[in-house]
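Next, two complexes with chain A in common: one pairs it with chain B, the other with chain C.
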Partner chain A sequence: MKIIKFAFAVLLCTSIISCSSDDDNNTTDLTGQTGTLALKFDNGVGDQDFIFGVTYNKSNGESYQLETLKYIISNIRVKDAEGNTFTYPLENNAFIIDESNGNNAGEIFVTLDNVDAADYTEITFGIGIDQERFAMGAEGQGDFLVEAEAAGMMWSWATGYKFTRFDGTFSTGELVDEPLNIHMGSVGTSLDNYREVTLSFPNTVRVRETASPEVHIKADFAKVFDGETSVNFADGYGQVHTSSETTPVIANNLPGMFEVHHVHNN
Partner chain B sequence: MNVFQNIKKQTFYTALFLCLGVVTASQACDLCGCTTSSGSSSFGDLSTSNFVGVRYIHQDFESRDGIFSNSPKSEETFHTYQLWGRVPLSKNIYVSAIVPFQDLYRHFDDRTEHIHGLGDINIMGWYQLNFYKKQKRDSLVFANRELSGHGLNFGLGMKLPTGEFEEQLTDRVNPGFQVGTGSWDMVATVLYSYKKKNLGVGASLAYYLKTENENDYKFGNQFSSAANVFYDVNLKTTTLRPFLGVSGDVYESIEQYGETLADTNGHIIYGSLGAEVSKNKFILGLKYTLPIAQDLFGGDVNSQQQYSLYLNYSL
Partner chain C sequence: MKKIIVIMFLQVFVLSCSKDQEVGYVPVPLALEAPSNFPELTYNLDNNPLTEAGFELGKSLFYEGKLSVNDAIPCAFCHEQAFAFTHHGHNLSHGVDGAIGLRNSLPIQNLAFLNEFMWDGAATHLDMQPIIPITSHLEMGETIGNVVEKLKSDPNYQQQFERAFEDGAVNAANMLKALSQFMVMMVSSNSKYDKYVRNEDDVTLSAMELDGLQTFENKCASCHATDLFTDQTYRDNGLPINPQLDDKGRFDIFEDPNDLYKFRVPSLRNVEKSYPYMHDGRFQTLEAVLDFYDHGMVENGNVDPILLREDQTYGISLDAYEKESLIAFLKTLTDNEFLTDERFSEY
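Moving on, here comes the complex of A and B:
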């Protein structure tokens, strides 16, 4: 009999626990609410965290090391579960991701304020500056022009922005410690090397008045040279500036660098 | 029940339960909960007696503080101080409780995080089932039956959200760095014990059904198992009881806002050795535990070692 009583007690406890409430905040009206969304860019090479001065090998046996690693991100927008898109205000929607500005762990934060509260499922951003923004002229660039100039991310105004600034040295079988400079951009309006990438979030990103989620974006620098196309320094890819041949190849490799590693909702 | 009473089968059951002790399927883990609810940290001493006592558990972990293989590591040291005991309510029914105080440190290259306070209290109700030897044909029907040495204990209990759960800490690599889980969890467990002369065997299976806490955060359900073998060395007034054990924990993934978080499930198998010394009504226990195999949080968290020390007073 005791066993029966015991079994009954087990059942009772199980059913009590099963009755725990399942209410979610999903039904809450988020209209008018805004919150902060932080993007954390983390540059690496393969599964290694990127470190200045460390020599990395390419797929073809060539190697490189960098002293400067900067690129421009712009036109950030996020899409929610219902398909609504929130685009960050144009005038503030261009950022320089500079490895030397990273924290102890080498993470570079882009903090977006006043983002509409919603459950976001994917993010899209551009690498570089699109032709529309460039067509707004020097005055239309706002504070970003000054910032880009200070960071060495500009040629003359006519040639426009350097989307990337990767400086260091490279070695091939024959050449040793040759200067490496990838200053790729759109070259005025003659070339359009602006590219966009869309990444889905592994978990819903819940922007709320009271919650500031963090999106951890992993950028694999190895993809710059070994992405959609694998390039050889020996073939002139150690110096990429305004060439209509080499710049689009690098531009096409850039979107493949990015992945959302994980998100934090808090 | 007859099968259990068959002494010839005792060897079989001993083997069976030892095997169950090391069962580990493949499947985050509230390691803080683990300090009170890991397969390697039992609900009582080896003799499964009634007692009140104190226990200290020391656990070391190494976690990766970043997403790359060369990301910096952080070292976590968990100190848990427990009041624990088991008191009988009737011949076969008893209750046990563990009241933990957590003192947790996480050392980074440049800083140390420290959280401490009352942890999650565990209260269990138990039913003890004893098995008797088969009666001899010519024995009196109403004679006192002889115990077979096999015992089963069924336990059912709750882990209470008495420890503070800090949501911001969930962002870190080791989500187990919490004083409490903030959730009401149910624990169901079966203990098996066998004693013949100086040799004893103990095995346990436990399942932890975890619920969502106020922060919409739910640690993964957990299955724990353990097996111990001990041997009594009787000295003049003291008994020395060395033991060897294996244990394992399997954790399902953590869920937040109803979504599964990647790389938050895992499993671990421990080996442990130790000894109990009993004199008069006191039992002093010391146990050292090392992981044999583990895969916690996608390999981001590594359990390094554990040791525990307890002093119990038998009731």
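Moving on, here comes the complex of A and C:
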């Protein structure tokens, strides 16, 4: 009886192995095959959906509400189990995540076409525009420049992108409905506020010609002010623009906003 | 009848000829080399190779009113060739609807050798610099997207973009590249001084000019350094603050108190022609500038320490002859070849 069980187990094992080695064969067969990968950005505050005009509280009792919530995502790349990385083509690899472009569920889609078919396990992306791309001048910006301009994500008094555009009002114990504006980016080469975040997928993302997986990324806006560092509006964090003191603090909080909530393999 | 046929024949000939020449990407490379007395090029030409058609397109754009909201203010409005591409006679440049800008226009010259642009370094790449004047409400008041739409609907520009760029697209990237191609070619390096230091054409400086050069090296060259005549740093040279403008200079970029009232050390090439002087154009003559250095400086809170004199006042002491000879020397930096170069002229 025991032997039968054992044999059965061995059989199972081999079949699993052969199954998975089949998969491996599939992976090699995938060369040349591409598919679509959709990223769904979903902004929230803690465990609430983000809604314009709604007042949210910070850990220190200060509160805020927003009319504008936009940020730039770039340099998206995905890595498969074997460690191969697929990087979306540079010229199209910058996106504005604008809450006001969300669907009724407040989700903003970034659709990546012609992604190499593979089984992906993690994603990396940047928040803002990196120095290398900016240093390429017009060549590196392509049409994103006009898109960013139209979205109010460029400065006009200096050259550069606003990586974030959070506008609204804040209140502290003493101040009520003061203007809140977080328009920050890198400034020249000496103040680099570009940051990257790497997130592993809870389950494998299978990109195929016939399968277009969807990755649901949650962005917790609360982390902007209560992230790696908690900041106080009372200390000047209601107006963050180009200061080399405040902007890096916010920049360091941004990667912590993001989490892959779940993946749909369609 | 015969005449008509001949004319028709001629017309066909002319049309087909011009067609051959005008349509399609024809990359005739343009060379840009650093003059031997200059520092290295800083502009990366690999990302934007210079071609004749690219340069010509850039020139058209530089003189194009459509880049502004009322179609009337081209770049050249504030950057006139005869005055080293500055806004002649205006201390503060004015733009659309007569709006008064905040600063004195800077010359367009030798930009291929600079690391940063504008009085405060607000632009860190030449390609991106035009975004500031085009979109500023005090200058051209447009949007890049709108300018591109205007150019797209102009058949002449469609052709020019096709000739200048492989992808032929009328878009923001190509527009900015063309403007840069035009601007990086604008090198002023053939003044009397240049010919003297490069030992060209047996050019010599007069005794007074040489004395001026000597004084300059002793008292000015620590900031107005190299043959670009700027070390490209930001400094406060002790100008009294104009409360009406309250221009904080480089401070606006990083909000760093150490940067208060600092401005980029300007090049002094063609300085004879680029009056008025300083970031707000407060001095009309070089005499006024030197009087300021000698006895007009004030402690505005952040003056460059090298300007502190032994008697604890700020300034650079200059006697009458030093002033006279300095001015004689500064005039040797005038490059008439550049100021009249037809490659850069509107017509």
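The working rule: the second predicted complex is superposed on the first by the 233 of 266 C-alpha atoms of A that agree within 3 Å, B and C clash if a C-alpha of one lies under 4 Å from a C-alpha of the other, contacts with A are read in each partner's own complex, and residues count from 1 in each chain.
Here is the rule we go by: contacts are C-beta pairs under 8 Å (C-beta built on N, C-alpha and C of every residue); 3 or more make two chains touch, one makes a residue touch a chain.
All values derive from a computational prediction rather than experimental measurement.
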Please work out whether A:G142 is in contact with chain B alone, chain C alone, both, or neither, and reply first, second, both or neither. second
Looking at the overlay, what does A:S243 touch: chain B (first), chain C (second), both, or neither? second
Touching partner for A:R206 - first (chain B), second (chain C), both, neither: first
Figure out whether A:T124 sits in contact with chain B (first) or chain C (second), or with both, or with neither. neither
Please indicate which partner A:S156 is in contact with in the superposed arrangement: first for chain B, second for chain C, both, or neither. second
Can you pull the chain A residues that chain B and chain C both touch? none
Mind listing the chain B positions that touch chain A in their complex? 65-72, 92, 109-110, 125, 127, 129, 154, 156, 167-168, 170-171, 184, 186, 188, 209, 211-212, 216, 256-259, 261-262
For the chain A and chain B complex, residues of the former touching the latter: 2-3, 6, 9-10, 13-14, 17, 20, 24-25, 42, 44, 47-49, 51, 104-106, 202-204, 206, 214, 216, 218, 261-262, 264-266
Residue set of chain A touching chain C in the complex reads 134-143, 145-146, 149-150, 154, 156-160, 187-191, 241-244
Complex interface listing, chain C residues touching chain A: 44, 47-48, 116, 121-129, 131-132, 135-137, 143-145, 148, 171-177, 180, 252-256
